[in-house]
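I've put the structures underneath this note.
One chain, chain A, appears in both complexes that follow, with chain B as partner in the first and chain C in the second.
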Partner chain A sequence: MPVKAVVGPNIGMILLGLVLSLVALGILMLVPQRFRRGIVRAATLIGGLYAALEFFLPTQPMPTPDDPKAIGNFLSPSVVPFGNYVNAVFGWTVGLGVINLCQVHGKRLMKGGAGSFNSVVFFLSMIMMTVIGILQKAHPNPLNKNLYDVLFVGGLVSLDATMFSIVAFYIVSAAYRAFRIRSVEATLLLATAIIVMLGQIAIGQLLTRWIPMTSAFHSLHIELIRSWILTIPNSAVTRAIAFGLGIGGLAVALRIWLGLERGSYFDA
Partner chain B sequence: MNILRLLQQVDRRVLYVMLLLAVTLPFFVKFRVPVAVSPPTQALYDAIDSLPENSFVLFGPNYSAGTRGENGAQSEALLRHLMIMWHKKKVRFGMLAFDPQGKTLAQTIALGLQEEYNKQGYNIKEGESWVNFGYRVDQQNFVRALVKDVPGTLLVDVHDRSVATLPVMQGVHTAKDVAMILDVNPTAAYTIYIQFMQGPFKIPMGLAPTAVMAPEAFNYLDSGQIVGMLQGLQGAVEYEQLLNTFGRATRASNSLGVAHLLLISFIIMGNIAMLLERSKQRKAGGAE
Partner chain C sequence: MEHANMSAWILVPLMSFAILFMILTARKKQLFIRRIQGLSAIDEAIGRATEMGRPMLCCIGLGGLDVPTFQALAITSYIIKSSARFNTRAIVPVYDPQIYPVVEEAVRESYVAEGRPEQYNPDDVRFLSNRQFAFAAATAGIVYREKVAASFLFGVFYAEALIFAEVGQQVGAIQVAGTPSTTQIPFFIAACDYVIIGDEFYAASAYLSREPTLLGSMVGQDIAKGMLIALIVFGATLATFAPILGKSFGSLFLPK
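Coming up: the complex of A and B.
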């Protein structure tokens, strides 16, 4: 089957969306603070209400040409446009983060002194990545693609990996200094950690490999003990934590949804 | 200085150098220590191996370079199996990333494996055997839309080709047409797939978390919401053993083992020295 190339995103629609969004944002900024808060709360409530109702309302057969067995409710056809709308809002929040970063680093750069070099690096990185990123998308020639690869794969990806790998050094240092068996609980924790770590690696598994799997003591294989620790005691504890987190998350979500949350979220 | 005190206060730079050597030196030695395959790894292997003919798998490379050591090796092992399954049963897969680096990292792995297997006559083609949908934002709402209309939500792949017209997407319209979800994820965001795709549509799901995140996922394994799991790099090593291949996980496994042993040695050494010193002090106190 021949593969159809897409002409590209509809620039006109993107620009129209951008202008409309800017106008909406401008109007929102002109609205007095007390009304603005209400608008934000109403938008949050309606957005959350849509997602909840679409999920919880009873469903019925709603066949489509692609899926004759599809089921849903009257809100279901809007799930895809709603998802696109949320993506657009998400894009704006990223923009908000960029503006915030520019403000913080801009002020630091104007002041000069310690840390201003980091701000220069921030601005240079951001501008280069943005320009090359757009260029390689708009004109995907080898030069732009290579430049993008140098920045993204050679720069960002490598820096990310380096930063994360540094953690290993801190873990070794911290484990050596802090992991002291000063109590029964600490001793239990240490013994468990060593069993799990040894059971996790091939060299550790060699320690008990001499025990025949057919013998009565086969359950003393270190990987089997590790497996038991992870599937029985660990599962019980993580399940309890997950329940606690779930209830806590639900409470926070309800507070945000119903506009009960205070602080920067609504009072800005 | 007292030797017991010295053992408890080894300079951190010494620890760093030893760790550096423990991680790098084993890469120069090519040997494989056989490992015991854990039940979650075996279960995932069996689930992929028993996929029906011509089915479609949604593969999620949701990681960045920070966890590439583990998640990259897991991705490679799983993609190897999927490409073997293309050869055996024409199983196709699509990669969808919710991390901006994931799409690039997975694309590199997939292209490398495609080249490797095509030398063996597997005839794997991007767009026909597999597709990279690229990076998308807001996983929760995206997945909610995706389950209802896969090509309509994805629209284009990483090369800006219309997803709906790609041969690899033939017969894939909604979540019901997805035979399996495979999520390589170092965070707890895999629960979004469980909540909005695996659960409602009863799609088998496999997970490849980092070793540090694996303990949390055992609950989902226990409940059957996840059919199998690769636990960190070791899971990938086990998987490569099942595939009878010597990939990046096996190459890195010796480093992992030596680094683990070094860490355990340091902890034991520090504790023995502390206990001996305490006992010495107690005796000295008793003598006074």
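Coming up: the complex of A and C.
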């Protein structure tokens, strides 16, 4: 019963999303080229207006079974269905991505040559993962489950972890270049990095442990300097960047919402 | 779901008004914007790729259909228009299948706008994977195999940012990066040749196109920033002097 309650509305929303997308695409195809941008802009304006009104209109308690403390206004209940519609559109686009991958690798395979082995691996991996993924869902017996685990946990997750671990080595090489003393800024960066790193580790903290915590110089403890660097100058700069980004994001969002954006795909 | 509090009620409309007012003003008079070195370097990087006869990488990050990705796409369109004039190839890897059709269309339109539709190669706009490190591995592979001469990293990035930047550095590519992901900016600064920081990312399209609407929006952004700075100074002053007056910061605004 609970499964039905969860799955039912989602499938309905996906189907509704597909139908609405098809209708919207059909209408757009029928409309003359010169009116299409106008329709897209109008849809953007209405969508943006909905989001803005939902955010700004006064709220009242609107408890739901999941969140008894939820607040909202008369537009809030539609937020989740709209989200589901976006998910349905996302389902379509995943197909587009797969088609593009097959096109690129299919052409390479036809041509042959140096990179064609990678394309063979791509097709084999995709087919195996799709077949075993479906089998594991449809017939969740130990064999299918183990095969899926070998491919997903043993293969994909391990490869992901390998790529992530490479970042550690890249950090060292990037840090080496960044910390070379070439200018006043680079020297300052190096000094700050040394203090933060020493303040982070026990052996670094030992260096200034001899300064009594009751003395006037206790703030020279390296872990306190590290903490000051991270919480005062670093936070101030990060917040300044975040403020700028927030305002920049607001400006771009306003331009897109009101159809004022210019350049490539936005031009009339 | 989040809703507006008192600060949002006052500040968002005020800042929006400042931005829209400057957009309207910019249509009537010329506005000045300072030089941004990172953005000026884009043309230098395209020129280098042209001279070397090698392709460029234009990565728009891991964002979906959102404002930073649209901004990254606007910058990428400019890069492709400029490179099309010199017949330089641009490879655009795509992470999110949602934006794949948008990117494909934007790249095609950029070539058409420059009168070079024949230069558009559908295989150069590639959906790679929507798994973070699979995408990173595939993009790094492209950088190595194609030996890109220039790498443009604009958009939302996470832990894979350094992989792109370091791999580009290893093949000797000139790299220009800009991201709204504040945690990744230090990695780009360490590994790239030019980095645009903070709201310069959103200023890029205005700076590159010199379009009056965008220039006005950029000056409006500066006015909004001025408002915030004034508010911060005002708040800091009150927070400093309120205890001297024997009151808490909040009590200065509350009725007696």
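FYI, the second predicted complex is superposed on the first by the 172 of 268 C-alpha atoms of A that agree within 3 Å, B and C clash if a C-alpha of one lies under 4 Å from a C-alpha of the other, contacts with A are read in each partner's own complex, and residues count from 1 in each chain.
Assume a contact is a pair of C-beta atoms (placed from the backbone, for glycine too) under 8 Å apart; a residue touches a chain by one contact, two chains touch by 3 or more.
What you see is a predicted model, and the numbers here were worked out from it, not measured in a lab.
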Touching partner for A:I39 - first (chain B), second (chain C), both, neither: neither
First, second, both or neither for A:L101, with chain B first and chain C second: second
Partner chain in contact with A:M163 - chain B first, chain C second, else both or neither: both
First, second, both or neither for A:S76, with chain B first and chain C second: both
Touching partner for A:I127 - first (chain B), second (chain C), both, neither: neither
Which of chain B and chain C A:G115 touches, first, second, both or neither: second
First, second, both or neither for A:I194, with chain B first and chain C second: first
Partner chain(s) touched by A:F56 [first = chain B, second = chain C, both, neither]: second
First (chain B), second (chain C), both or neither touched by A:L254: second
Contact residues of chain A, present in both the chain B and the chain C interface: 70, 72, 76, 79, 90, 156, 160, 163-164, 171, 173, 175, 177, 238, 242
Touch list for chain A against partner chain C, complex: 54-56, 59, 70-73, 76, 79, 89-90, 93-98, 100-101, 103-104, 107, 115, 156, 159-160, 163-164, 166-167, 170-171, 173-175, 177-178, 238, 240-245, 247-256, 258, 260-266
List of chain B residues in touch with chain A within their complex: 10, 12, 15-16, 19, 23, 33-36, 38-39, 64-69, 101, 104-105, 127, 136-138, 141-142, 144-145, 148-149, 152-153, 155-156, 160-162, 165-167, 170, 173-174, 176, 211, 214-216, 218-219, 221-222, 231-232, 234, 237, 253-254, 256-264, 266-271, 274-275
Touching residues (chain side chain C, partner chain A) in the complex: 1-4, 8-9, 12, 15-16, 19-20, 23, 67-68, 70-71, 73-74, 77-78, 81, 94, 97-98, 100-102, 105-106, 109-110, 113, 122-123, 125-128, 130-134, 136-137, 145, 159-160, 162-163, 165-166, 169, 180, 182, 185, 187, 189-191, 197-199, 201-203, 205, 209, 211, 213-214, 217-218, 220-221, 224-225, 228
Footprint of chain B on chain A - complex, ascending: 1-6, 8, 51, 66-67, 69-70, 72, 76, 79-80, 82-84, 86-87, 90-91, 152-153, 156-158, 160-161, 163-165, 168-169, 171-173, 175-177, 179-181, 190, 194, 197-198, 200-206, 221, 223, 227, 230-231, 234-235, 238-239, 242
